[in-house]
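Quick heads-up: structures coming right below.
Two complexes come next, and they have one chain in common, chain A, joined by chain B in the first and chain C in the second.
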Partner chain A sequence: MYNRQVWEATPADTPVHRLDVRTKLALLAAIVIFAVGLEGPRPLFLLFLLSLGFHVVARSSVERWKILIIFLLVGIWGAMVSQALFYNQEPRTMIACLLSPTTPWIGELTGGIFVYREGLEHGAVQALRSGIMLACGLLICWTTDPRQLLQCFLHWKMPYPIAFMLITSLRFLPVIFEETAIVLTAQRLRGFEPLRTLSPIRWVRTAFYVLFPILARALRRAATLALSVESRGFGRCGHRSGMAAWPVVERFACLTVFTGITAGAVLKTLYSLQFNGIVYFPGLRGVYDFMAVWL
Partner chain B sequence: MKQKILTAGLFLLLLGSLAGLALHIFPEFQPTDGLSASSKISSRVGRYEKTAEILLGKVEIRGYKQMGSTPGLVRLSPDGARIVVGTEAGEVLLFDLQGGRIWSRKIGMGKISALEFSQDSRRIFVGENSQQGAVICIDAATGSERWRKASVDELGVDIRQKTFPGIMSITVDGVGNSYAVALRSIRFPNGKTEYFARIYKFDDQGVMTLFPRDHNLDVWVSWCDVDKNGTNLVFATSDYTPGPERKYKDNIYAFDAQTGVLRWSQALPTVAPYDRTNMRFGPEISTDGKYLGGVSADGRAFFLDAAGKLLWVRTLSAPQKIQGIYLNATGLHIRHVGEYVAFSTGNTYNRANWQLPTPVEHPQSNSIFLFDRDGNLRKRRNLGGMVEELKVTGSQLIVAVGRNIRTKDTAVHGMVALSTPELDIVDSMPMEGPCVAVAANDAYIVGMEAPLQMDGGEVIGAYRIHVWKRLGL
Partner chain C sequence: MAGILECRNLSFTYKTRDLPSIANIDLKIEAGDFILCTGPTGCGKSTLLKAFNGLIPHEISGTICGSMLVRGVNSLDSSVAELSRTVGLMFQNPDDQIFSTTVVDEVGFALENMGMEQGAIRERVSETLAWVGLAGREQGSVHALSGGERQRLALAAVLAVRPRMLALDEPISQMDPRGAMELLQVLQKLNQELGITLVVVEHRLHEVMPLCQHVLVMEEGSIVWKGTRREAFRDPDVFLRMGLRIPQTVHICHGLGVVAASATVEDAVHNIRKAYPNCGSVVKTAAKIIPIAQANSGVDIRGLEFRYDPKGRKILDGINLSIPRGQFVALMGNNGAGKSTLLHHICGLQQAQTGQVTVNGQAVKALDRRVGMVMQNPDLMLFNATVEEEITFGLRHGGGRGQAASDWRPLLERIGLAGLEERFPLALSQGQRVRVAIASLLVCRPDILLLDEPTTGQDLGHIDDIIVLLQEYTACGGTVIFCTHDTEVAARYAERVIVMTAGGVVADAPPRDVFSREDVLRSAGLRAPAALRVSRELYGGCALCVEEVVGYVQQASMGSNAC
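This part shows the complex of A and B:
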């Protein structure tokens, strides 16, 4: 996990790698909009499977799959458990009692701790949303050269400093992971084994021992980087190399997807209008039914 | 090696989590519990054998504090080969008698409120409560929609106040027609209520006739019955805020089902402390078409002839004043069974507020009463739980027994077959959760079970149907 090369984009010859960077970003934006706009668990689950399918097509390495799975599992189960315990909407169905309200002191204080079925479901939907965005975001990072991303942002008129900061953070994230591994190794060589004990005080001390060196190295690196970009004319206006033409097929595909998003937004708006009792069009009953069942 | 095992474990954990999520999100992929030959379950007496147990997906789990049972509808086709289920989630499912799913369809944003097979078993009529309150005719073989009629055209809708029209019940006659009762009610802040009701008749081609032809009924109507020949259409009325002048002031009406002409209407006497006689699930015409039976919400049974003459009235459960409040057991169902007529009562309720608990259980609650046509009580049987539905097969009564909100005795849940006129328990088919719907013919009994959350939090039962086959046929 701390291997820098796992986090950096690597070239490969897969359909995902061959896509124009503009296509990838546009589809990423589309998927994020779908993930946020869809409410039904069914389409969200299918979209989640699709995002995992992209990783299969991109032939992500086993190491990358491991990272992705860890993040996804933590997200899925974390969201489900937290929502299951703290769900406060009605209706809610208790499926397990972790702490009875009759337990002395803590039971009365908390009112009992229960696991709610609707909370599990709500947490699963939230987890699917974040899982989709995580999977697609990592796919972009792993299959796209950061220089291409920068070119694309500039081509789309994003302010140069913002684009630069964005790419730099992506570019140096693997470096930070590698340095974390180095710091932990150095601490271990000094006899420090933080995970040998369950003491929370020990864990807090571990955090300070690890974070301070990383922060110090990051600040030093930032200073070095600033000198480097200054010497290369950062912030000065000048001619920048243009991007290659966006393939027509890919551009058309993106246009189609965004047309679909627009249509979906219109349908969702219509559905919300009838749901809130503002306006209802009987001729659109089939559309409302489709929205209610599938989306 | 250790790394490989950890990696494999991670992948399996993800696949397992995704599989669990998928099964929960797509319940149609869950295996149906068709029972194997080695696991056949017998009824209590052994006259019936369970052939299938089918889960119906997720449903809101109710406890004793919520009014009413989990909604659900189940019907057996007249040819005895198919079971149709309407779920609380708005899905219509068709099964064979072994529990195999033939097709399913979601009706969209409406709530299923009525369900019935056509007499020839080729069509299924679904009633919904929605902005359009439609009757939907579905082809029983394919599950595709043939036609639909929205009652909003007659009853109107207020989407801001969410007063939607809905189909309250559907019935069929023996000559290919179907009849749907549509209702919309508006409750005003001053306590008054306005009603819009209509009865729709559809022939086998879907051609519609309205009752009344040119105006709405201005009272609550939730049920109608028609004789086998499709000539006599009867319905009863309710009005929960009497006072304003209603055009339809009487309690039972009979129309000529072919010409639409009003034949007669009958006003029924009231009983203190009620100021109106309300009848929600009646009347019902006897098989020979000569008599009508009805049961009112105040616990009285009525028996009339086909011309509308009131032959007798019997009190099934009389209101009792205890600790300053009136308690009663509401009258629910009426069924003609041969030369007899059966009535049922429900749970004890507090007349001042249905949702408040009652200090005692009414002695006549949750019971079946069997009378002969002369009004003589032949037998009464207390079933211990809510009579959710009552069906007749031959000379037997099949009863869906639900929850008892007073005693909270879960041992009564299930289906019971009663003989007539003795009302002896011929057999019983217990369930964990309350039985909320039943369908029956001479060979099969199908019951719908709902989950129930007990006061301590645990959930018993599940949302499923049980199919029982009679042995020895």
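This part shows the complex of A and C:
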């Protein structure tokens, strides 16, 4: 049957687990900035490999790798197919025709459906970006105590209702997955095979059937958790223990990464100015070449 | 004793309701007391607990009248954070309140919210864990704890701030007997050794009542009875009238007109012997043992083995069972014994790795429609917008076996839900929700009905409703197999009891046989019903329910049972 613990944060003694929660969040932010800022497929691919490498270091279980791979494959497939078909930038190179414009009615209506090479490439870049964020986000969920995340958000002055809502959703996500599996099983036991159909109407009906009991329970449970933490003195006001000191090495590493990001942003601005013919510094030619290839 | 909490004419009406959930409560709780608060579902017990530590009215909107003083301070003048240092509140399900991934973080959470230093927190956490029997588990994962241990962790998380009073909302209602016993032992120790005041809301009176000092009974938002435990034992009518489950020993004494001084078997036997000196003179069992029929097999299991992980331990280890049609079978055993996995094999959710499962002579297919299954949490089986849609769901999806579309209406009447056809199933009471889940399967007339803990968290009235429904089904040739930890329910209603430990069947016999074997019960973490223990001590019998003991003693005292 369904194993809910696959989705829940699990304590372990690995370098990733040992990192301070602030370091993890700072690095996640840095990686997200890199993933959005980088445009070349090569650096993005390297960053993607790095994010998977973190999972190796965190000794993610086989079940977790399976989940990660399924999500990544679905993301890659979705991004590449959608971009390959609907890419509208120029130039674009048609590599296949799925529906000729001369096809009666539908061909005329759509103007034909083609697969574009540039669309595939753009889709791959987008897929790498989302894959990097997904891998790092899941890594944090699987290796970090939700309570520490909450403390960190509040320490960084995130509004209490938003922080609590965010953490509660993280806390209950595994339970909701588990209960969805149980509801689907209950439906199958009563002769309803929601997943063995191609009818969109039936999918919508299934979604409602699943949502009713899951939402009802999720609401009750969230209310209980909120009351439980409130009655343990946690709330909007009040003096909490300060977080443990942020280890100097980790803080320095984060500082270095963000300095690198700032430097990268400056270089990218310079490259952009040069690329658009606004400002050109001959002495920075090597930098421009590096930027063209890697960033 | 000094007063720790006092309610003066306290009433509270939720913002979304018209009538008050608690009304005119006048109550004074003395320090060091152990109070059991009980009453039918929806009578306002949980609302009262939430008022104790200020969640009402500070966090839950509504109209409050009257006042509540916590150690002399009006609760309206204190925040929840301040009140929670005096009154700790623990909820029913530990999984809904545990917030962290490690034991130390969970227990330390409340202390961090108090602004305590990290070193002091570590010290306090260790001390608290020792109190609840989890010493040395600081760095353990909360996922690695058993259900009983998780409940004790939830208790430790509240206890860490050293509250003078603990309010516990149905702390054992979802637990197996072993887990419940462990938690109750901890609570008793906290009360007796540390002087912590306890208020426990619970339906399982037969387990908590013997430990408490005072009892409160609530009905429709008001306290309708309060007194000492001794007074409750002397006058159990108020509990019986509300369908509440009192200890069987007290119930037997009451039935015989004997005053029960305590809930122990020894006291009950002593007092009954005094009142009925002849009752022990006849050594004779109350009824003959009915052999289990092997013919006309409904479910047949041969050499069933199963493990989730190919290298892991066997979850089912060589199960051989034959369950005839029309039989009412209780499947018992401690958590992890393999009961649910066995049910999953019978309904085709799991496929046998070794061995075979057949229903009416044919091998079970995946999700076999001849078998219906009510899951442990029936709420997850209710997904339609109305009771009518819920009950007819199986019929509309090809589950009906020759029934007319209107066949469900008489069933609805039999389960007492007539007139509720258009109601949203999840908005019904707990007992009604279970009955809707069962009816939604029964309407399809499966050959076999499996139920995973159908009586957990239900009061006696609801249990009776469910059992009547199931007995009607077995009378028509259906077979019921239900998992339960409740020996009193199994003894009273089941025709046959199968006990499992570590994936194997260790006992399979009529309840009278099974509950007479102490070794089997001990290995499965079970305890014979008190009625059986009383009858054994009293007259060497093996009665299964209160009425049997009462009837036997009364007849014996009149001489009609004499050999």
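Definition applied: the second predicted complex is superposed on the first by the 278 of 295 C-alpha atoms of A that agree within 3 Å, B and C clash if a C-alpha of one lies under 4 Å from a C-alpha of the other, contacts with A are read in each partner's own complex, and residues count from 1 in each chain.
Just so we're on the same page, a residue touches a chain if its C-beta (ideal position, glycine included) is under 8 Å from a C-beta of that chain, and two chains touch if they have at least 3 such contacts.
These figures come from a predicted structure and were not determined experimentally.
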item	value
Touched partner set for A:Arg42, first chain B, second chain C, both or neither	first
Touching partner for A:His155 - first (chain B), second (chain C), both, neither	neither
First, second, both or neither for A:Leu227, with chain B first and chain C second	second
Partner chain in contact with A:Ile70 - chain B first, chain C second, else both or neither	first
Partner chain in contact with A:Gln5 - chain B first, chain C second, else both or neither	second
Chain B versus chain C as contact partner of A:Val175, first or second or both or neither	second
First, second, both or neither for A:Arg251, with chain B first and chain C second	neither
First, second, both or neither for A:Pro213, with chain B first and chain C second	second
Which partner reaches more residues of chain A (counting touched residues only), chain B or chain C	C
Touch list for chain A against partner chain C, complex	1, 5, 8-11, 145-148, 151, 171, 175, 179, 182-183, 185-192, 208-210, 212-213, 216-217, 221, 224-235, 237-241, 244
Residues of chain C defined as touching chain A within the complex	50, 53, 55, 59-60, 79-81, 84-85, 88-89, 91, 93, 95-97, 99-102, 105-106, 109-118, 121, 139, 141, 143, 157-158, 161, 344, 347, 349, 367, 369, 372-373, 375, 377, 379-385, 393-394, 397-399, 426, 440-441, 444
Chain B - residues contacting chain A, complex	7, 10-11, 13-14, 17-18, 21-22, 24-26, 60-61, 106-109, 131-132, 150, 152, 157-162, 453, 457, 459
Partner chain B, residues of chain A touching it in the complex	41-42, 45, 49, 62, 65-66, 69-70, 72-73, 76-77, 91, 93-95, 97, 114, 117, 121, 124, 128, 274, 277-280, 282, 285-286, 288-293
